[in-house]
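What follows is subunit A paired twice: with subunit B in the first complex and subunit C in the second.
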Partner chain A sequence: MTEQATTIPGERTRRRAPRFDWTFVVFALLALLLVVLVVSPLSRLVIESFTHPKEGGFTLQNFVDVFTRQRYLTAYWHTLQLAGVTVAMSVFMALPMAFAVSRTDTPGRGMMFFAVLGAFIIPPFLGAIGWILLAGPNAGWINRLWEGLTGYEEPLVNIFSMWGLAFVIALNVFPLIFIFATSAFDLISSEMEEAAAIHGAGPLRTTWLITLPLALPAVLGACMLVFLETIALYGTPALIAIPARFNVATTQLTTFFEYPARIELAMAFSVPLVLVTIVLLAAQRLMLRGGTVAVSGKGGAREPMKIGRWRYVLLAHGILVMLLAVVLPAVILVTTSFSVAWAKPFTFDNMTLQNFHEILFEQQTVRDAIWNTYKVAFSGATICTVLGFMIAYMVIRKMVPMASILAFLTVSPVAVPGIVLAICFYAAYAGPPLSMYGSSLLLIVAFVTRFLPIAFVSLSSGVRSMNPELEEAVRIHGGGRFRALTEVVAPVLKKNLLGVWILVFVICSRELSTAIFLSSHNNRVISILTLDLSEQGEYENLAAMGVLLLVITTAVVAIGMRFLGRDFMLRRN
Partner chain B sequence: MTTLQLRGLTKAYGAFKAVDDLSLTLRDGEFLSLLGPSGCGKTTTLRMIAGFITPTEGTILLDGEEISSPSGVVPPERRQMSMIFQSYAIWPNMTVAQNVGFGLRMKKLPKDEIARQTAEVLRVVQLDHLAGRYPAELSGGQQQRVALARAVALQPKVMLLDEPLSNLDANLREDMRSEIKRMHTEFGITTVYVTHDQAEAMAISDRIAVINAGRIEQLDTPHRLYSRPTTRFAAEFIGRTNLLEGRRQSGRMVFDGFDVPSSGGADGALLASVRPQNLRLLPRRDGAVPSEPGMLFLPGRVTERIFLGERWDYGLTLASGTGLRAAGPPEEDFATGSEVWIAVPEAAIIPVEDEPMREAAE
Partner chain C sequence: MKRRTFLMTTAAAAALLPLAANAASHMDEKIAPLYEAAKPEGEITWYVVPMDSETAERVGQKFTELYPGIKVNVVRSTATVAFQKLNQDIDSGVANCDVLTTSNVAHAEDLKSRDLLLKYAPMRKGEALAAFQGADPDDFYHITTAGPMGIVYNTDLVSEAEAPKNWPDLLDPKWKGKLAIGHPGFSGYVGIWAVKMEELYGWDYFDKLLEQDPYIGRSSIDVVTTTAAGETAVGAGPMTSALISAEKGNPMATIVPTDGMVIITSPSCILKNAPHPEAAKLFMEFLLGKEIAELTVDQFSTPIRGDVTPREGVAPLTEDNVITATKEQIIDGVSVTAEKFRDTFGI
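Up next, the complex of A and B:
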């Protein structure tokens, strides 16, 4: 008996006793992390906007205050106008290019692709600075050239206007429409167009009746994204709308932080922005689901349409957009960065390396900001990639209970504009008990929350495309989950991981709106410093800093393209 | 009256000839299939007929008029043809009626005329009740009929079909096949049909062009193609067959261990084909050799057998070591290892005529 009692139960324990369920621990850890990153800050939006600032307790007074003050309503109205005009301009810039690149034999398609990539890489605030130097009403190069040529003193163009602002934003966001439109055009099987041709439609009619309607849902969806991007944008309006003396929603938000700070009003003012975002994102998803994919069957080979003389029209359009979006701003930034005084002609006397010397070796604030920017971007990109990969893997492989909750929490910050997210983080973590205001850690945490959805969505599709049998094969041959993850899954997805890291690194290094309320002089980043330097009129140092940022970004993107293929930045996901 | 002529049609991609000196003539109302393995050039040929691809050499004539040559191609939209694509290419942004009426609209017919003709065609394919629906709301079978209706609505001179059944499951495949056949009977449109499925081509075509490596191997009616293949490729591609190597000698075809009368032809090396269906098995015990005029009885042994439900598939070995396959009815059961007589009608041994010449050429 005793002998049996010692051996058989021993066998039994090994065979039958449930092993410790570590998936629950992982779930709990991730859930806790997401509470810190997402739930706690975002819940502030609802809590603070419905709370009386002094007495506490539930109130609707904040909303009443917001919706009865003419100045606030004007800000919303300006934002709507601005977004509408920006969408129209972006479509005009992007759609012909997308069509040319994806469907036709237009020459210079590779150049157009790089033009779009360039526009995508230039941070919005640098594009804005470039255009202030080009088209400022008095000292802008274009206006001075105009005056020199014609003698008129009335400026030709004035960037400090609603139209100017929309134009500058459109030059920066049109790549979004380009990406969606090209991927929709690419999905349309050539057979769709060939069917029109064989049934009697020429190339123009085929384009008008078949190709464009098929891409329409994707283009409309992209328009909504551009609309959202524009209403959430802070940097460009801060540089252009504030001097032009009109306020939009995001610039209005910053005024709530002037002394005495009215967080509860800022929150209430943000709620409509969040609601609009949610509605438009949902609508965009619906549009894409209705989709452009061929109804059945597989597509044939795709052949570019021969469009005859129209090629030159499309080529000219592409060159114009490239000049406006990339070449002109880049040239003016570079010349300014090497100038003693930007408003003087770029002659030999006016050339200097002093600006770079100053920002790199003399100005402590600039050096700190550069260092801080890349510290935050590096940490943010790394944390986003690792965390996004872990969550994506657990969710897609359904390894933890209620995986869909994790997925929902992870992507939910998408619905919150960056500047609103900044307010939420300010409310949650800036003050006691954590008092993180002014620390780099707070910026990192906020950036991770903001960009985790990008990493998660992209890596989810990577994991989903992997056959689970690859991992099962590891396990049946004696390796554990962890080994499967490190020796099979991660190596197989290394391109996806690197792509996500680079993408998040680049957008972190230029993020402005999420940083705006979380920065003090201790943890300023380049984007924030741009606003300060612009206000002080120090365009030469600012340009030097911008050129440095562009060089580093371009180098990182070039490395990415070398390893991951040309279009890794411009893929839609 | 429509005639479509391909004359010496060639399409080269660099040194590779996708289509190589291909000539054929379609009669008015004929249903012709281009049959061959993937990559044989059949789709390239079809797309040249449609005007999507410019030939490197040769011409295409429609009713005697040149519509394709290396120097120029009438664009697809002016060839008065129609096409059913592999993916069907039904435009998801248009209703069924708009899809079907598209070609008529391009012809700039008056609106009520378009409506009338569209309704007529939809009635023929029994889709009149779905005229206002969008393609995404239709079943697979209905979508094919939309594609078919769209292609016939124009009353084109030539209708082109690019493997329209290849994406379908077995049931739909047969429905669609008979629907295509019915449309052809109803409208009598000259039709070129591309497929890699020999059964499909046999069932539907007036004539079949068997294509291999860009060239026509044999152009014939389905029945002749099956019973009288003229090349090794055609014999092997159409149905299953046994190929026997031998010689032609003084009026007889001589194989290893037996010979049969030959219906003429020059002496020399020879390749012959005999279908498994033409072989019958009889039990062989010690004793008399069966005999019957016009029949050949060969001693053999069953080395392998597979039951396929409708028939047995036997692997046999002759005394000479030659291997043969035979099909037997399910109720006649010969075990592996049994000694059998293999009964072959002499007339079923068909010389594959081109073979000696080709061998000599190579």
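Up next, the complex of A and C:
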């Protein structure tokens, strides 16, 4: 880049004095920062899992301990089962919707879009609480309705089971498949479908033979992401898997932290999870690369398929998913938050503002947690956006040698499940010499590391889409790189930046897995407090907290949509 | 209840100044110098187990009301989680906790053996009932609450006649899928209860319990909330929480098992590295004092002092209706039993 600049005639003479090249300083700083954020914590995984806890030194004993306990192995097996079922359920929820929205003339496509957005906004642990209230085997509203209608005492649905757990997780993660599937469907040219139609295929046959196979790689890739989300999730299993007596890897991981804490076992137990993640991510990349010749570019014309009466099937499916994922949990949370006792009918006698009074005015703990949540989310989102932008710019414009190393370091936390990342941060920074345990800073740092890949990937594509001529113009007129960055690139990309900021803000405000081992009472965030208070099963106060969280988050998203257009949250690269 | 709380809060706020003066003048003569020493510290962090978070917050507010200028940070969790967090603090060299009140005396004993506790002989230690005195001869910890585990049931679903009368009655097949218990790997109450059940009825009791397909909460308090909601019909839970729930209008009642309630006595201790040591000592006095006893007795607790009377409905402790675990049983037994429980129940 610098060489290219010197070839422009006259540029050198116009400079008053040779400037100090700040890029290397910035590079060094960023590299150092990434060592702190990524290399140091993640290296703990390898170091601790192979280290003898007492004597130090290399050992394989930790792995032997982990792989010879039946209960630990069962937890892995349960996790695999759970993830498999969750993937199947989310495909069933997402794929017809994605197809309807992207390819057909089904009515109510806007509504489906909001269903997906809503499912994305509701934090997993709140969805889980909502579904405990709805589908608890005896007191859940659905089962009581069922008993009232049919007289059968056997519950219709039991949330406290592997199926229930998978169902609740699927309701939360299906937007991932929806996003990938719609973007694949959007790129399929109608010509192929028309060709099939000309040869006499009906809509069903065309879809089955043409559309679905073309979108398959993207859908499979998304399935793997769902699989990874599921094996790394802690909140929903803590609420549902323990009563269901279904031990999964993440609930097992937390027991290693019981006194006496066995970090080395936790690390050894995490290693297979990380390996599975790396393998699946690699497979996903391969899949998205090959076999999609027909899905290249936006060339062909796209007409919504006329699918006749199938429209209504798809519409019904969309409404059902929206009810299950958004409307029912939201309604039950809101009514519970205004109830004296959640299991009683929502009548006038049973209505109260006491739960909100309790959390807003009585319980100092809750107020602290709310404040802390937004402090962490605000800082996390801001740091992620700024850092992601700087790294993306340096990498895309190849401003420094070995820029690809920066890129690699930045995205590598993707391969580490959130709960494992928390253990790594705990091992690296909680104790002496830094003793950051219990500080908000530790949470912010961990959140930044976890979500930096999202900011980086998203902003990279923004920077890539910009023609470098604009920045060169600044440089020709004597402006520095920094000036080009702040006065030209950032303003041009301001929508991308704001979009990334809001996205990271929302996911920070509800993140639980990464916070789990890093929280003491000083830096508790809402998600952690919800989990702590859920031990006592007091769902009325929990629901009030959840409603408050949802209101604030929804407001932020609504503001974002107003400025950025409605699909900013769901756009992925 | 709600209105009363609200009115009380407003009244307290309106009368803050005179009240503060009042508190100071009526304050126990012996305590006054301790308050003076504690006041500059301004706050105290209390890790607390044997009460629900609402009651714990009220206790904290009561302390601030009595000793203005000292705020209480309440951190409520199950015994195992509290101990885990405390040990994370210790391992990472961070001093957070001033006073720990836990339902598992083994945790206090363990901290004592690791030389992590501050020795303190409260001025009020002789004021508790004799049975609750002298838990630790070396004065590193003191019993500050006592609570019984009994049988709780949902009165909408179960009549008094058909309710279980003793612990083995919970194994009756009619409660299959309708029974709630807590998890000894989380709850100190359930840990001690499980140790005593194993002693009385053998591990067979838990094998049969598994066949009942029980709902397993983490905290013993979850047993009460789940049963009150009708999700389960009967359960083994803390009787104090059950009575609080009944007073709120939930269909909830308690049974004193014929083979005895399991009494859990919870010790409090001051951490050696407590960031607010003087306030912690004052808090220890407070925990043993009459004001907190009156407050928690109103919340159906079993008082540890003789000069407060328990509320109606709170079963008095007599020789033939209680089961108590020895300190040794708790220290040696709870973690072993919890591990066996995990193997039996798979979680």
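As a working rule, the second predicted complex is superposed on the first by the 544 of 573 C-alpha atoms of A that agree within 3 Å, B and C clash if a C-alpha of one lies under 4 Å from a C-alpha of the other, contacts with A are read in each partner's own complex, and residues count from 1 in each chain.
Everything below uses one rule, namely that a contact is a pair of C-beta atoms (placed from the backbone, for glycine too) under 8 Å apart; a residue touches a chain by one contact, two chains touch by 3 or more.
Computed from a predicted model, the values in this text were never measured in an experiment.
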item	value
Touched subunit A residues, subunit B compared with subunit C	C
A:105 touches, of subunit B and subunit C: first, second, both or neither?	neither
Partner chain in contact with A:214 - subunit B first, subunit C second, else both or neither	first
Contacts of A:342 with subunit B and subunit C, given as first, second, both or neither	second
Subunit B versus subunit C as contact partner of A:354, first or second or both or neither	second
Touched partner set for A:522, first subunit B, second subunit C, both or neither	second
Partner chain(s) touched by A:147 [first = subunit B, second = subunit C, both, neither]	neither
Partner chain(s) touched by A:197 [first = subunit B, second = subunit C, both, neither]	first
Touching partner for A:186 - first (subunit B), second (subunit C), both, neither	neither
Subunit A residues touching subunit B - in the complex, by the definition given at the top	189, 191-192, 194-202, 205, 209-210, 213-214, 216, 292, 294-300, 303
Subunit C to subunit A touching residues, read off their complex	2, 5-6, 9, 45, 47, 52-54, 57, 60, 73-78, 80-81, 83-85, 87-89, 91-94, 96, 107, 110, 177-178, 183, 185-186, 215-219, 221-222, 224-226, 228-233, 248-250, 342-343, 345-347
Footprint of subunit C on subunit A - complex, ascending	71, 74, 136-140, 160, 241-243, 245-247, 251, 255, 257-261, 340-343, 352, 354, 357-358, 361-365, 426, 430-432, 435-438, 517, 520-522, 532-533, 535-539
List of subunit B residues in touch with subunit A within their complex	50-52, 75-79, 81-83, 85-93, 102-103, 106-107, 135-136, 140, 143, 150, 154, 160, 167
